[in-house]
Amino acid sequence: MVVRIGLGKLGNIGSAPLLEFLLDERAERKDIAVRVVSSGVKMGADHVDDVAQTLIEFKPDLAVVTTPNATLPGPTKLRETLISSGIPTIVISDSPAKKAIQDIEKSGGGYLIVEADSMIGARREFLDPAEMALFNADLFKVLTVTGAFNVLWQEIDKVLQSLQKGEAPVLPRILVNKEKAVDSSGLNNPYGRAKAIAAYEIARRAADLTSEGCFVVKEWERYTLLVAAAHEMIREAARLADEAREMDKAEDMILRTPHNGEGAVLRKRKLLEKPSKPDSPPA
Amino acid sequence: MVVRIGLGKLGNIGSAPLLEFLLDERAERKDIAVRVVSSGVKMGADHVDDVAQTLIEFKPDLAVVTTPNATLPGPTKLRETLISSGIPTIVISDSPAKKAIQDIEKSGGGYLIVEADSMIGARREFLDPAEMALFNADLFKVLTVTGAFNVLWQEIDKVLQSLQKGEAPVLPRILVNKEKAVDSSGLNNPYGRAKAIAAYEIARRAADLTSEGCFVVKEWERYTLLVAAAHEMIREAARLADEAREMDKAEDMILRTPHNGEGAVLRKRKLLEKPSKPDSPPA
Amino acid sequence: MVVRIGLGKLGNIGSAPLLEFLLDERAERKDIAVRVVSSGVKMGADHVDDVAQTLIEFKPDLAVVTTPNATLPGPTKLRETLISSGIPTIVISDSPAKKAIQDIEKSGGGYLIVEADSMIGARREFLDPAEMALFNADLFKVLTVTGAFNVLWQEIDKVLQSLQKGEAPVLPRILVNKEKAVDSSGLNNPYGRAKAIAAYEIARRAADLTSEGCFVVKEWERYTLLVAAAHEMIREAARLADEAREMDKAEDMILRTPHNGEGAVLRKRKLLEKPSKPDSPPA
Amino acid sequence: MVVRIGLGKLGNIGSAPLLEFLLDERAERKDIAVRVVSSGVKMGADHVDDVAQTLIEFKPDLAVVTTPNATLPGPTKLRETLISSGIPTIVISDSPAKKAIQDIEKSGGGYLIVEADSMIGARREFLDPAEMALFNADLFKVLTVTGAFNVLWQEIDKVLQSLQKGEAPVLPRILVNKEKAVDSSGLNNPYGRAKAIAAYEIARRAADLTSEGCFVVKEWERYTLLVAAAHEMIREAARLADEAREMDKAEDMILRTPHNGEGAVLRKRKLLEKPSKPDSPPA
Amino acid sequence: MVVRIGLGKLGNIGSAPLLEFLLDERAERKDIAVRVVSSGVKMGADHVDDVAQTLIEFKPDLAVVTTPNATLPGPTKLRETLISSGIPTIVISDSPAKKAIQDIEKSGGGYLIVEADSMIGARREFLDPAEMALFNADLFKVLTVTGAFNVLWQEIDKVLQSLQKGEAPVLPRILVNKEKAVDSSGLNNPYGRAKAIAAYEIARRAADLTSEGCFVVKEWERYTLLVAAAHEMIREAARLADEAREMDKAEDMILRTPHNGEGAVLRKRKLLEKPSKPDSPPA
Amino acid sequence: MVVRIGLGKLGNIGSAPLLEFLLDERAERKDIAVRVVSSGVKMGADHVDDVAQTLIEFKPDLAVVTTPNATLPGPTKLRETLISSGIPTIVISDSPAKKAIQDIEKSGGGYLIVEADSMIGARREFLDPAEMALFNADLFKVLTVTGAFNVLWQEIDKVLQSLQKGEAPVLPRILVNKEKAVDSSGLNNPYGRAKAIAAYEIARRAADLTSEGCFVVKEWERYTLLVAAAHEMIREAARLADEAREMDKAEDMILRTPHNGEGAVLRKRKLLEKPSKPDSPPA
């Protein structure tokens, strides 16, 4: 059986752009079919309706909605439309989404809230296409090495397995904080794990500066400096994440967990060894 | 008038995941509406039909197709379906797409071929979700700083302006090589530009190793090392790109070109100055 | 006239060990006499009494108390004893001291609270003499480059000037946050200032991890990792601070503000120029 | 029994500001009481008398004097006053103190001379409070990682143990050179030890430039460059020391030697293990 | 018996300047006598005759010719003169020499063609003595760590051993590509080997830019930037090579293969162990 | 007129391997003819005779001898043979050659003694071909950036100019110390010059460790660590030199001084400008 996954992407958060590739990194899986629909950066009601409609037409077995701040009207509407259509739905969002947890649980949805998925420094004096792309590049590095991305795809994979077996899926309801992330990182060196926690926190705290810079401070010279500082924090977090991964390279202990064609997750540590199916799920 | 842009994304190339955000980095533009549809990593005929259908239903004024190797049947079909529906269509692809140039031109399409957008090291012994994400993060950094991303959004913006004015759009037909990219990078320091060219070439040449590792070499220990080396090249190219950008920070000369709400491109160099509308387009 | 300054140092905070040297970095000043008394890491009542007694015997014109968490009984007692002896007293402390602000103001004292002066990761599984020294070395670098140290000595210098003139001193009451610090840093490059703000925040947020690791988490494997992560944050903040300063070296724009023999503050920017007395105080 | 230690600090050397914290890094020891007295940067006779008096009143079982160039009149007087009061006294000083060795030995004192504890670049055109603090931060890093600080606290701890047992203390008489330091560093990786030796020598040789720049060269442009070069050497030595320590992190082999509440030294190597009392003293 | 080696160096390639030292790195070998003759950068017929004459007078048992592009008339003449004098001759050259392979084989000569030994950016607007020296320094680092230099001296050593035994020498005919080099590098960490392959390819591809910049592009602003970019690639390749070697330091696994006084090659891995004669030749 | 230069190279010092290329970095000069003769690492009498003979046969207008420790019998003999043949002769050597200064002057020779040209760590437990090559690569970088190489070729160029004009040459007699080197470095940023002085001194002081490790210490574990530390110093000095040069790149102020075809030295600072003949010689 091929399980159908519909991804509805609203706005931009760091957890969204690579999501479908995390599920099938070498385009080998035969057990899933994916459809991604997005209205780009727009999150208004009309766009959301259209995205919802297209996703529903795809008849997905599972829907995943990625969105900044899941409490906003647009994301809320998309989530509710999908759920009310009987589609099991997981919301992936950032820290402000914590306030939506109760609502999501009540409606029967799942969620994966990534604390380090910080808001970008969205001020016209600072943010242009290049700065936006660099912020995302650095953030992807942080979310990868610290294990946050691993939580995302592993939790979705679990649901896919249930659906594959015809079981009623148990949707994930997880706040991905520093310890949850790093537990899923596969990092072997304990100092590497400490660096990853540090990177996660630095990335998370960058949001304090972007929200201060975007919503609180009014003088343009001040907020420009604040959002610039936030991006420097993300760049630094990426550097630290890279350092953590290099530590595992230095001992030839990088954990690799490729999917095979059936969607199973294989494992290996040494670069020059074959991946194999573990008896237990990846830790 | 709101110009409608439909993005059809097939498979994964470095130029694709952030494309819609490059066009409207702070979600302020009122002059465009974007719809993104993707079948994820799958590029087979059935998926392509569905993606084409959804895009056509959106009634876009402009279609952009992102795809690895635009000569493959799936991407070809998507492009042809869109063009034959009367939609002006631009193909964004990587080096192997050079062989499709004649076909695209004949059919009236446009293209933006990004030479440094190298194939990933898609071997099961090496590529897992984390390694995939890190490769992309590094590649985004290279494509941003070297100017390749600037070429993409600036060329699309030009077409959008024509459509806005009700003119028949002239679709871009550009091979984004090292000099074309860096000319669009806005880098001020000439050593920074030299470093950017170096980064571009290192990234471009990584594809020699991934294609050798994926298509030529059969012994798994050898190809594993080759694709690992290619990813080290990309990581190094990203480091060099970062170094180039830091050079412009060191002289407070980073070029910033944010879009305003009407889709016009503003310009500034000093961090603590206001962006303004240039008389001439960004160089 | 020689103004007498008594420094009472309790426990250890990053702002304390170099304080007397910040006031007279080349041992040239003839306008001040300094006495430092400390009970080392001990902050109990008996030690505090003895420190207070020795300081009072020195007959200082100004007393400065450095202490972690100025709300604790020991520091409170030392401060109150000095103030009640009629000695103008400034308390230098860290973030938890914010709760003592009202008390200090009521008693007529001054304060300089340095937000980035984070608590160390004081867990026996982690903190040994070497780790303690490295944490302090990194923290000193952060507090120097971000401007926090400049606030300390410049504010004390202001009081000394008043005393020198026989004026009643106005004691400083300042919360040294990221912007206050960087405004005093003398950093010229705006990206350097952004990096300094980032470094300040990273250092400040390290305290979230050390306090979680020292006071909240009970499982030793978890708290060991948390405090180790906090020290990685400080190390990273120091690296970023260093990067900020190197930026000003790259343009030969390091601000230098040496004291001369009379305690006046001179200024210069270019390495190969003579410092001179500015008309206005250092910005 | 609580052993009383009186620290008299004259002027500034790198070995002084953190000394009391090296003895009790987490403020847990119940076996010692510490009093620190300092006249700041001043080392004149009147200041020294006062410091000596305060220390003697504390009735220490052991006195430690930290001072640059122990041959100068002030430090000599302080040392002699303490010794003639019957207090076992250890002098901690820098390379120029080698000329005082015979005198100290004759008078029955101990000494710990740290060769890498280089003089600062004390020229008004260069040295301001910030530069002073950065020099010390870098120097602390060097003295920590190379093992010099370990020699200091371990030797004092030995004396404290004798005093604790009521034995007549044998005072240390040690020239801390590159090999003595690194033997005490606990560094595990031999390349890390080689890097530490290199860092130690670079730091030691910085003094050649500061003394040339402060005492020999008269043209201000020349001496400014020389003392600036010396500080660059110290910064580089710190970077190398950091690299050495990161090597031990990379193999999870950092030696940690925390004091427990009774002043005993525990040991551990792996980050996630408990420290324990070794049968033999730390190597 | 002492084997006599005559080195004729024409022009400059990275494999030449250190060649005689690679054969006898500590000046201990008693089994060889070396004579080096060079006409510096000149490769014209008259110079070549003179070099050939001097070498022939030395009566070498083996001649080695180093030259860029072995197909040029000068190098060809030198090689042919030596071979026709009955001297076994090995040519060491760079990628363009591939076209000379057939000729060399036909004449009975040997060759070692080092693909990464890239042409320098020989444009007057860019290349001065300092830039030339830096390019070589970086290139030497790449050729050393990636194993290319090891191939050179090990192959010459094999011929020397044959000559020593009075055997007819089998001259090497080897294209030193990325895998051949790294197989000889002795690098232990597989990620280090991947980085070395990456460094080798980056260095090799620098030649694409220098040849484009020196032979194809005519506009001086363009070619200056291209050759500058090529040198940035070499600098980056050197940095990556350094990183690879540091990885083996981090595990104390650097392979060392010193010659002893009899010209035998010893082996060791740990820094603090004695080298010893292996039973089999170094891998 | 073509001036003939004979280079006799004995043993290995850092100033030797690239010397002929420093004089004609792009192989364009028509005003000089160069012959290099070397006996490799051997410096015994028989080898020296042969080298001298070959050089004399070349009839050079100027001879340059490169050698470690010019006081040794072999180098002394070579120098004296050349001088007594009436050939103006310059000796290039390292610090131990200072003892030969008087002799060289008495015999009418010139000298260029490069203090930072440190002896290598020539212990069999440490030094193999790879380590030798890396030491040289790092040393070349130091000698280039700090200006030492500039002194060498500029001084030889001066003599060549005299000979060209038919004047009696005044041979250079220069001790290249830190200030002499950096004055010739062309470095623009004063912090870059400070870093260069630091690099020079670190490189110079590495010789203290290699000579201690090679001639004083007998225990192999100790001397192995000492010579390894010396090589770490050189690696660090190279890193610092690189940092100094990058500073001038950051302001687009790299001084370039290419030779033209007539042997004149051109000058430029900006990367994208044409070099031109200065009115005065390069400073």
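By letter and in written order, the chains are A, B, C, D, E and F; residue numbering begins at 1 in each of them.
Criterion: a contact is a pair of C-beta atoms (placed from the backbone, for glycine too) under 8 Å apart; a residue touches a chain by one contact, two chains touch by 3 or more.
No experiment lies behind these values; they were computed from the predicted model shown.
Undergrad: Hey, what chains does chain B share as contacts with chain C?
TA: A, F
Undergrad: Of the pairs A-E and E-F, which shows more C-beta pairs in contact?
TA: Between the two chain pairs, E-F has more contacting C-beta pairs.
Undergrad: Can you spot which of B-C, E-F or D-E is a repeat of the A-B interface, where more than half the contact pairs line up?
TA: E-F
Undergrad: Any idea how many Å lie between the Cα centroids of chain C and chain D?
TA: So the centroids are 22 Å from each other.
Undergrad: Let me have the rounded angstrom distance from the C-alpha centre of chain C over to the C-alpha centre of chain F, please.
TA: Chain centres of chain C and chain F, defined by C-alpha means, are spaced 49 Å apart.
Undergrad: How many angstrom lie between the centres of chain D and chain F, each centre taken as the mean Cα position?
TA: Measuring from centre to centre gives 40 Å for this pair.
Undergrad: Could you work out how far the Cα centre of chain C sits from that of chain E, in whole Å?
TA: Distance between chain centres, rounded to whole Å: 57 Å.
Undergrad: Touching two or more other chains, which residues of chain C qualify?
TA: Residues 190-191, 194, 225, 228, 250-251, 271-272.
Undergrad: Which two-chain combinations touch?
TA: Contact pairs between chains: A-B, A-C, A-D, A-E, B-C, B-E, B-F, C-D, C-F, D-E, D-F, E-F.
Undergrad: Under the definition above, what is the set of chain E residues touching chain F in their complex?
TA: Going by the criterion above, the answer is residues 7, 9, 11-12, 17-18, 20-28, 33-43, 47, 50, 54, 58, 122-134, 136-138, 140-141, 143-145, 149-150, 153, 186, 220-221, 224-225, 228, 235, 238, 242, 245, 256-260, 266, 268, 271-275.
Undergrad: Give every residue of chain E touching chain D within the complex, in rising order.
TA: Residue list for chain E touching chain D: 249-252, 254, 270-272.
Undergrad: Give the list of chain E residues in touch with chain A in this complex.
TA: 189-191, 194, 247, 250-251
Undergrad: So in the complex, the part of chain F that touches chain D is made up of which residues?
TA: Listed in rising order, the residues of chain F that touch chain D are 178-179, 190-191, 193-195, 197-198, 201-202, 205, 208-209, 222, 225-226, 228-233, 236, 239-240.
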